[in-house]
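Structure in structure tokens, see below.
Chain naming follows the written order as A, B, C, D and E, and within any one chain the residues start at number 1.
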Amino acid sequence: MNPDSYLYLSAILFSLGALGVLIRRDAIVVFMCIELMLNAANLAFVTFSRMHGRLDGQIFAFFTMVVAAAEVVVGLAIIITVFRTRRSASVDDANLLKY
Amino acid sequence: MDTYVPILALGLIAAAFAIFSVVIGSLTGPKRYNRAKLDSYECGIEPTPQPVGGGRFPVKYYLTAMLFIVFDIEIVFLYPWAVAFDALGWFGLAEMVLFVLTVLVAYAYVWRRGGLDWD
Amino acid sequence: MTNWFLGSFDTHIPWWFILVVIKAVAAFAILVVLTLFNIWYERRVVSFMQMRIGPNRVGPQGLLQSLADGVKLALKEDIVPTNADKPVFWIAPLLSAIPAFLAIAVIPWGPAVSIFGHWTTLQLVDLPVGVLYVLAISSIGIYGIVLAGWSSGSTYPLLGALRSSAQMISYEVAMGLSFAGVFLYAGTMSPSGIVNAQQHGWYFYMLPLSAIIYIIAMVGETNRAPFDLPEAEGELVGGFHTEYSSLKFALFFLAEYINLVTVSALAVTMFFGGWRAPVPISLWSGANSGWYPMLWFMIKLLIFVFVFIWLRGTLPRLRYDQFMAFGWKVLIPVSVLWLLVVALFRQLRNAGDLDRAHAVPIGIGIAAVFLLLVVALEVRERNQIRRTPPPTVPDYEPLAGGFPVPPMPGQSAPAVPRRPQFARTAAAPAPALNGTTAEEASTR
Amino acid sequence: MSAFPYLSTTIGTPLLGVAAIAVLPKERAALARPIALLASLVALGFAIADAVAFKTGGPRFQLSESYAWIPTFHVNYSVAVDGVALVLILMTAVLVPVVILASWHDADARGGALTPQGSPAESKRSVRGLFAQLLALETLMLGVFAATDIFLFYVIFEATLIPAYFLIGSYGGARRSYAAVKFLLYNLLGGLLMLAAVIGLYVASTHSPVGAAFSFQTLSKAVGDGSLTMAGSTEKWLFLGFFIAFAVKAPMWPFHTWLPDAASEATPGTAVLLVGVLDKIGTFGMLRFCLELFPHASHYFTPLVLVLAVISTIYGALLAIGQTDMMRLIAYTSVSHFGLITIGVFALTARGEVGATLYMVNHGLSTGALFLLAGFMISRRGSKSIDAFGGVQKVAPLLAGTFLAVGLSSLALPGLSSFVSEFLVLVGAFEKYPVAAIFGTTAIVLAALYILWWYQRTMTGPVASSVEGFKDLNRRELAVIGPLVALIVVLGFVPSILTNFINPAVSQIPAHVQITQQAPHSVAQDSATQGNGSGQ
Amino acid sequence: MPSILAASTAAASNTAPFTAPHVEWGKLSPMLIVLGAATMGVLVEAFAPRAARYRLQVGLTLLALAAAFAAVIALHDTPTSVAAAGAVAVDKTTLFFQGTILAISFIAVLVIAERRTEGGQDAFAAQGGSVPGSQQEREAVRAGWLTTEVYPLVLFSIGGMLLFPAANDLLTMFVALEVLSLPLYLVCGLARHRRLLSQEAALKYFLLGAFSSAFFLYGAALLYGYAGSVQLSNSDPHNPGIAQAVAAHAHGPALLYTGIALLGMGLLFKVGAAPFHMWTPDVYEGAPTPITGFMSAATKIAAFGALVRVLDVGLAGSVDVWRPVIEIVAILTMVVGGILALTQRNVKRMLAYSAILNAGYIIMALVSTGHDALASLLFFLPTYGIALVGSFAVVTLVRDAGGVEATDLSRWAGLGKSAPIPATLMSIFLLAFAGIPFTSIFVGKFAVFQAALAAGAPQLVIVAVLASAVAAFFYLRVIVVMFFSDPMPDGPTIANPSIAVKTALAVSALVTVAMGVAPAALLHLSNAAAVLAR
């Protein structure tokens, strides 16, 4: 199978994620979109890894997973704290710092 | 890709069966409208109005989810290490001990601070 | 070669594909049949344990009872509550059932056999990462449960779903850790490779603790008694599927029983030699070839199912906090440390520093230390509980909060009826919100 | 390198005073005044010693010291004086003790001279702060004239802003913070442009056979002998960088607007230092750096500069006539005078340069004295407005007399110091740029107008009711103003005291610009691309 | 397609015999000390009694930082090399960055550990997870709890910062980026006062930070696709790194260009360069002020270290591609920082925009891959960082009633009279930011401008000069308010800090002035340190 297809898929996923971050307002959804971007990068890494016949791309993917997990932990903690305080996870409601 | 064809086949069969069941279940059964029947079940008393999803979850569940992620990631690293263990030798063992100890430090912290207690 | 059955097919269809279809259909059929059988099996065995008879009317020995139940369910009204999130409510049972079927795909039921003259293994597909596949697929099933609970728009299902997901992910950690030891010994993640590696000894005695942990964890994973808290009828009225009826409910039921089979099959594969014949029979050279291994596998599988039923029949349900504490505070640390011990042993042996003569005493020593550690933890826990002074109970107020209430433990109702103390009702002390007493918190 | 570090000693003495004041305990704060006076007098002594040690027939730069400071950028702490720098150092050293004496009570509890109402919030001002900052400013002013390393010069040039800023902002009048900010921003912007130019010069030197250098002597020599050549446009940009900084400093139209505010809001003492000394850095910089480092560009931009200078001269004088605020009036006269100095600098004749340099000193003395006298009057009356005075000469004849003498010096009456310099400037300019000289001459007429009118409105006529009970100059004030008047008179008759030093230093400058003008790298070459530069 | 893992396991167990990589523990010791101490800190949290934790944590943190600094010193003449199988470059630049980060962190931790200004409590929430204003929070405050987890978190972050500029492959760099960022996201949300603001800051920082790290990651993926390696540089011809691939024009440039762009976005976010600066003011304002000081300085240093390594080592071959972009970013950053700072009435926000502006100056030094440019960057960063820490430390001292920091500029009126020492210190820092001579940042600016001009970017210098003039205005405004206006009757009180904070302030101010008066030593050091392992 042509690896280019995977790259296209990964680029589409990444763009979707980035778009989601920019237009969605719910912190959790924004966060999910970021995770989607990370996973898109992972897909790209694995594809390139296969194209180059080298393993370091896969190792990178592993580490990305770890980082994504750590991000989930930290992010969830922050979002829940804000959520518990404001009873809303909308980014728009977090407006105390509006310029 | 061929490897996954059998799984796909099994998946198609299972999906066909499951969808068939869900659809047929809604067709074969009787339909007798009753407002109380369609209410949420709360042991017969008037259900408490609440949003879908029940609003807020106890924070404990999130904590469990976070801990799970941490350990699951540990496992992600354990598996390839375990499979390649014989080739890695002492180096692999030492690195993994270091890694596991680090995770255990976090684990000890969570334990001591009551993160594992479910009240 | 012409065949009455296959002759009707276009001859261009490759053989491997036909085999795949046959095996897939067979796997599906086996699972469905096993489910029907297991439901009956469970009811009969539990009845036996409870000195009852159990289903015995429909079919010989009541064997067709499950089928009858299924038909009955299909004829029941399919209720979708008003509060439910409709699409998700529909999808959830599918999400639960389909992965359940899929998980079985990588389990080897036997070695290579000849089907219509073509050699093939009795395994739908031999993935090199088969075990990972099972873990991955089975975790999709959790989505089904969570979404079912969430989409019902009702309190009990939601709580059940949350509990269920928390429980499954908690025990999945221990489960995953117990597998690591097997991989370490087998050097592969392929189920068939693991079975092959058990040629000279099953892993349940080479890795006893792993096996035990897995068996405990698999009960937790399947939400079965004594770990059936998500469905706890007494507390949650059935948990996540409270609002489900008709065949949607049946699908959850089906999924649960298929999962039962899957985890049992995995246990057999990982720790009990897979399709390999047990010791006395394995002395016969033909035992591990042909179609016989499937028989051994089936027997082992049914023994595991029996164990499940046995547990349900004899053990009471755990309290949720005990259950979570057991998973997080016992299973996980023990399995992590155990894994390191196993690795150390393995490496010592690989490096040639360890021969069998030393291994046994060292092994026993480590096991003893382990045991001591577990006991010490347990003792410590209990001491702590004992040392914690009983919470100071506020005086009994018959009308606390404006309603007549019965006395709490530690309180006593006034001996003689007397004038109610209305003046005091207003000043009911607020309970601590975080649920920890100051003293307990200060030790953290 | 001389055996005794004359210049460093001179520069460092006030700094010692700062240190001494800094360690004063709070309750002995009043001691800051004598300490400051002592330090500045010692510095004056050292400055005179410098002048004595300076050999008028010797090489241009003398008393030089040089120590590596930032080797990475080839920056040295190198100081040396030529005649121009020496006379300016002398002027600074003279003015600072005078200012300190004049500022004796500026930090008192009842506010400075400009806030007689003494609003209650304007309570305490730090005595130690005032005198420490005056001394710090003196150090920097002495240093900036002595610096021969361009980086060092720039650094001190910018650093002078800080004490000046706080002096204006902390001790000035009601709108002092506005004035201080305006002062600092104008000068900082100019300074930053200069910084860019300094760096540009350094980079240019890096690429030349001279090698990376900041030394003024090295660079000007290299420019002179053609070993450091810059692309025409580069040189013009660098010139502009330096020039705008200096033009802001020596307030030149249209960069002058900060000066009236700063001068009128500052205390008289600060105003003296500001206009008398700090602004001289601008004209000093033009004379030394613009002309000698960028001869082609200087030549190229001379018409533009002269036009601006002439505008400054006339504009400043006209506005001075219209002022009712005495401090602002003096500030505008300074704009006018600086225009004349600039004409002298850019006349590119020996007479012009000498005249300009001499003018710098004389202007410092006469304008300084004017500010101080105005300060004395304001402190008595509590108003800066000219209209608030009248007939002062009847109640305070000494004050009026000195005022007249100083004022006449400011309008360049022959026999008083400014006359010599103004004459030299105009003659020098006339040799090459007669039109500019003619326009410049009108300033003399206008100067007579504003000085005499001012005198007439405040000193003569019937005694205004508010002026009754005016005390004449007291002893401290006499000690302040006396030496300045004496110097004005002496220099009016014996300008050669200074011109002996100045002449050799500036004599080569016109030649320097002329010679390099014929260098193969002609200005005309780039005039096509840089045509907008001349602007006329 | 065979599975990922199958391939890797097969490769590991069958085809190639595994040779254990050589890990040069000694060369990694600064990072190991800090991260090890951070782990210890977690254990302290777990096992030490509550009363003893604060002392233990602060001691441990400071000790670790000192030890790591000593390790950096001990390593100072190790030859330029690559350690840990090519993952970490141990060269002079790395050591310089590490030493700087450690020194600045040490000072910052002194401020973070301050308890006297709040009457025995530090700047952090008594209990991070409790809802602001809830009964639970009140109880935690009454019990006098301290979130001592801050110290291990800060140490982890420092560990990441030490690794960030040292990373010689994108994987290590990515991990370092996250180790650096994740703890910071958390501590940002832990301010004792104005919790809601703080939590929102944490949320914004987290979301935008994660967003940018996703860009970094995808950029790394594309560069990996281009070069077939994640190593920035590898001289082994069988295993060429990105630099070698760029030099050899390995593949089509599309992957390279896109990769550079995405990677650059991720890194520029961390330094707070426009147009990726949006988080800076909010986070600086919302975070606990001692943390703001710490992260504004240390993060910036580390991130510039990484930028330098990526651009100068990995992508030096395609300098023509990224240089115009860097120039535009520098200009944009200076313009945005300068102009928006003008409109601020809050000291912390003003300092945030000034940090953006200063980031613009530093980016100027990136336009050239030459030695001088790097050296100027190396000089600028520590001097700027230390002044930044000092200025935020002063902000922590000015308190309104109730212990809330008075960050509104109008509240600072007359501070020069009511509290001359803090006001003078603040003025020193502000004048330094404004680039007044005889302060360290003046020399830094000079160096950077000189490097940019020498690299043929006069337009940058012009913009920088104009931006400096604009900047002077808003720095001066603070000084004007402090010194030239009269104190308010209900003005803020000035906390009397502990000796530690006094030391930190004194050291910051002293360094700021000393490096302006006698910068030769540090310049010499930064010149000597401008050596990258390529």
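Keep in mind that, in the parts below, a contact is a pair of C-beta atoms (placed from the backbone, for glycine too) under 8 Å apart; a residue touches a chain by one contact, two chains touch by 3 or more.
Protein names from UniProt, one per chain: A = NADH-quinone oxidoreductase subunit K; B = NADH-quinone oxidoreductase subunit A; C = NADH-quinone oxidoreductase subunit H; D = NADH-quinone oxidoreductase subunit M; E = NADH-quinone oxidoreductase subunit N.
Just so you know, these numbers come straight off a predicted model, no measurement behind them.
K.L.:
Central chain, going by Cα centroids?
P.N.:
When every chain is reduced to its C-alpha mean, the one closest to the whole-protein mean is E.
K.L.:
Tell me the chain pair with the top count of C-beta pairs in contact.
P.N.:
B-C
K.L.:
Which chain has its C-alpha centroid at the greatest distance from the C-alpha centroid of subunit B?
P.N.:
Most remote chain from subunit B, centroid-wise, comes out as D.
K.L.:
As a test of understanding: of all chains, whose mean C-alpha position lies farthest from that of subunit C?
P.N.:
D
K.L.:
Quick check: how many Å separate the C-alpha centres of subunit A and subunit D?
P.N.:
63
K.L.:
As a quick test, compute the distance in whole Å between the mean CA positions of subunit D and subunit E.
P.N.:
44
K.L.:
Could you state the distance in Å from the CA-based centre of subunit B to that of subunit C?
P.N.:
12
K.L.:
What's the distance between the Cα centroids of subunit C and subunit E, rounded to whole Å?
P.N.:
48
K.L.:
What residues in subunit A touch two or more of the other chains?
P.N.:
Subunit A, residues with two or more chain partners: 1, 77, 84.
K.L.:
Which subunit E residues touch at least two other chains?
P.N.:
In subunit E, the residues touching two or more other chains are 1-2, 5, 8-9, 13, 129.
K.L.:
Which subunit C residues reach two or more other chains?
P.N.:
Counting only residues that touch two or more other chains, subunit C contributes 127, 132, 187-189, 441, 444.
K.L.:
Sort out for me which residues of subunit E touch subunit A in the complex.
P.N.:
1, 4, 7-8, 11, 128-129, 131-132, 170-171, 174-175, 178, 182, 185-186, 189, 195-197, 199-204, 206-207, 210-211, 213-215, 217-218, 220-222, 224-225, 228-230, 281-282, 285-286, 340
K.L.:
What does subunit D use to touch subunit E in their complex?
P.N.:
68-73, 121-122, 124, 151, 154-156, 158-159, 161-162, 166, 169-170, 176-177, 180-181, 184-185, 188-189, 192-193, 195-196, 199-200, 202-203, 206, 237
K.L.:
Flag every residue of subunit B that touches subunit C in the complex, lowest number first.
P.N.:
Spelled out, the residues of subunit B in touch with subunit C are 3-7, 9-11, 13-15, 17-19, 21-22, 24-26, 28-32, 37-43, 47-48, 50, 52-54, 57-58, 60-61, 64-65, 67-68, 71-72, 75, 78-79, 82-86, 89-90, 93, 96-97, 100, 103-104, 107, 111-114, 116-119.
K.L.:
Given the complex with subunit E, which residues does subunit B contribute to the contact?
P.N.:
1, 3, 59, 79-80, 83-84, 86-92, 102, 105-106, 108-109, 111-113
K.L.:
Given the complex with subunit B, which residues does subunit E contribute to the contact?
P.N.:
Touch residues, subunit E against subunit B: 1-2, 5, 8-9, 12-13, 17-18, 20-21, 39, 42-43, 45-47, 129.
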